[in-house]
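Below you'll find a set of structures to go through.
The two complexes that follow have subunit A in common; it is paired with subunit B in the first and with subunit C in the second.
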Partner chain A sequence: MIPGHLQGVTLYSFTRLFHDRKQTLESLIREVAERKLGPGLEIIGFSSFRGFPNLSPDYVKEIRTLIDQTGLIPTSLAANADFGIRRDRNLTPQEAVDYMAAQIKAAKDLGFPLVRVQISLTPDDMEALLPIAEKLDVKLGLEVHAHHSPMDPKMVAHRERYEKLDSGYLGFVPDFGATTSAVSPSLKEKYRRLGIREDFIELLDATWQRHHLAGPPMTDQDQAARFGEFIGLAHQNGYPDLGVELAVNLTGLHGHANPDDWASMLHLVWHTHAKFFGIVNGDEPATDLAHLMKVFCENNYTGSMSSEYEGWHWNWWDDPFEMVEGHQAAIRKHCADNGRAVRTEI
Partner chain B sequence: MATHDTVINKQSLSATDNGLSLALTVPWYRSLWVSSVSTVTVAIDGKEVPQDKLRFRINGKSFKMEDVPKQWEELWFMQDRAHLDMDLGAAGEVGADHEVTFHTELRLPYMQIKPGFYLPNIVHQVVHLKVQAKS
Partner chain C sequence: MSSVEDMEIQLDGHSVEPDSITWTVEGRTYTRAELTGSWQQWWFPTDTAYMTGDLPAGYTPGETAEVTIRLGVYIPYINAGAGILKIVEKDSKSLPVRSEN
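The block that comes next holds the complex of A and B.
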């Protein structure tokens, strides 16, 4: 078989354990290595590193030594574009560049070859960051996350700019939440466990299906309308406190694009978020892995891929490590069906 | 309970020399700048504690509530606890039970929905807590 992508995981999958202080950064990294969920390792800077992005040389050395000991390979450091940290105004373009540059520098120091950035950055912002990325030899990947999609006009504008610049440093991080095929069964299970009426759960599902048939929202107004629709449904059905949560989960995590659309940007992808919500009977019911892996294999994708377990938001009953193990096994199988051997060792 | 809807737990309330203190977990999946905290209100046994009797303590510093949204260079690390110090005019009684009504609203600084408007996260918890010894 032909070598395929590099298997990996993001520590975001284990957020619940970290937030509850049941695991430390060190214990999570060691457990990922022991369970062979790597070798690729992705970390969110603002989640995992105290003091991020201003890290002392001693702390950086400690983290690098730990990762080296485990044999894991840093793949992506997820950055955040916090342009609203001040209350009197948004950061100026120069402040925004400086804010991102500090995180790119931290990624370089920690040994990460790529920084995941977010859509609040414009093509101009990305071009302004390019000299920093080139100087530090760190690639930048703009995450394509629901509700956006590969064909969203904003993403197309980024792609056209990256193609024009042809730098080898500006690209995308596809997130499989943009191309879901169903509402996750574990999300519906959560609402059942909370005692939410079945007819309301079915109404939510039917509403999501209607949006799915229409395809991803192509404007901010379309997205706002769908977001508002779920809030309205919650109010009309006696669950006003659930409104925002439902809207976020059903428009911001369960996106409507076709997996085929990833092909338009895979020439600019070095790292991927294999977002998933749960494993049932050895496969992922909400992200069509057979379809997704066919697209990635046919386009000869050989970058890194993090299993990103998002079900932890609502699933308090399953073990996130077992979920990731199941997800990676399913991905390996679907890649093998396409003649590709997922790389699980250096 | 998930990361976005949990701020306090059974061990959060402790006694101080002039009242009580609540240990707070950041209700999000990542660390946030303290300026992300828009409002905090707390009531003990149904009686709201005035804002000028509250202090928000983190990273070895203590802030007046009105100054909390201005702290955009102070990070609330995900595994650290901020402390809401309440001046109740008398020392807290270790072992006493109280009903704590806690409400906070965050502004997520990277989720701008429309110009100048950021996605909020609102957390409301009503819990019965036993006062722990001074932490």
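The block that comes next holds the complex of A and C.
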């Protein structure tokens, strides 16, 4: 078989364990290695490294030594583009560039070859960051995350700019949450366990299906309307406290694009978020892995791919390590069906 | 820290005076107004944050109260279509009343 992408995981998958203080950054890195969920390792900067992005040389050395000991390969440092961090105004373009530059420098120091950035950055911001990326030899991947899609006008504008610059340093990080095929069964299970009425759960599912038929929202106004629709449904059905949560889960995590759309940008992709919400009978019911792997294999994708378990938000009953193991096994199978052997060793 | 706002504390449904509420992380205490401007200070996710406020009238140490806290938390990198996304976190626990003074 032809060598395929590099298997890996993001520690974000284990956030529930980290927040519950059942695991530390160090213990998570070691357990990922012991369970062979790598070799690719992705870490979120702000929420994983105390003091990020201003890290002492001693702390950087400690982290690099730890990763080296495990044999894991740093693939992506997830940065935040917090344009709305001030309450009085948004960051100016120069402030946003400075905010990102510090994180890119930290990623370089920690040994990561790529930084995941977010859509709050404009094509001009990305072009302004290019000299920093080139100087540090760190690629930047703009995450394509629901509610956005590969064909969203904002993403198309980024793609056209990256193609024009042809730098080899500006690209995308596809997130499979942008191309879901159903509402995750584990999310509906959570609401059942909380005692939410079945007719309301069915109404939510039907609303999501109606949005799915219409396709991804193409403007902020479209997205705001869908977000508001779920909040309205929560209020009308006696669950006002659930409104924003439902809107976030059903518009911000379960996106409506077609997996075929990834083909338009895979020439600018070096790292991917294989977002998923749960494994049932050996496969992922909300992200169509057979379809997704077909697209990635047919386009000869050989970059890294992090299994990103996001079901932790609502699933308190399953083991996230077992979820990731199941997800990676399913991906290896679907890639093998396309004649590709996922790389699990260096 | 500037992403935290709308701090509310209730005891058995009685609101704690909003202006008396403070927020303490890593040994530093913030008023509500101070949190708003503290966009270069960070709350590391595994650090405990302590909220304090004046006890509503009628409670004495030793009693048990149903304590509800509510926090509005901005997600500063997400434009929800109509502005920065803000989620509301809420939790309740039965806790003993005790005096700090």
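What we mean here is this: the second predicted complex is superposed on the first by the 346 of 346 C-alpha atoms of A that agree within 3 Å, B and C clash if a C-alpha of one lies under 4 Å from a C-alpha of the other, contacts with A are read in each partner's own complex, and residues count from 1 in each chain.
Here is the rule we go by: a contact is a pair of C-beta atoms (placed from the backbone, for glycine too) under 8 Å apart; a residue touches a chain by one contact, two chains touch by 3 or more.
The model shown is predicted, which means the values in this text are computed figures rather than measured ones.
Aligning the shared subunit A places subunit B and subunit C in steric conflict.
Of the two partner chains placed by superposition, only subunit B is touched by A:Trp314; subunit C is not. Of the two partner chains, neither subunit B nor subunit C is touched by A:Pro3.
Contacts of A:Gly168 after superposition on the shared chain: neither subunit B nor subunit C is touched. Look at A:Tyr12: by the touch rule set out above, it reaches subunit B but stays clear of subunit C. In the overlay built on the shared chain, the residue A:Gly71 is in contact with neither subunit B nor subunit C. Overlap of the subunit B and subunit C interfaces on subunit A: residues 18-19, 21, 46-47, 50-51, 80-87, 118, 120, 220, 224, 244. Interface residues of subunit C, counted against subunit A in their complex, comprise 2-3, 5, 36-37, 39, 42, 44-46, 74, 76-82, 84-88, 90.
Residues 18-19, 21, 46-47, 50-51, 80-87, 118, 120, 147, 217, 220-225, 227-228, 241, 244-245, 247-248, 252 of subunit A are the ones that touch subunit C when the two sit in their complex.
By the touch rule above, subunit A contacts subunit B in their complex via residues 12, 15-16, 18-19, 21, 24, 44, 46-48, 50-52, 80-87, 90, 118, 120, 220, 224, 244, 312-314, 316. Those residues of subunit B that touch subunit A in the shared complex are 1-4, 6, 25, 29-33, 35-36, 69-70, 72, 75, 77-80, 107-110, 112-114, 116, 118, 122.
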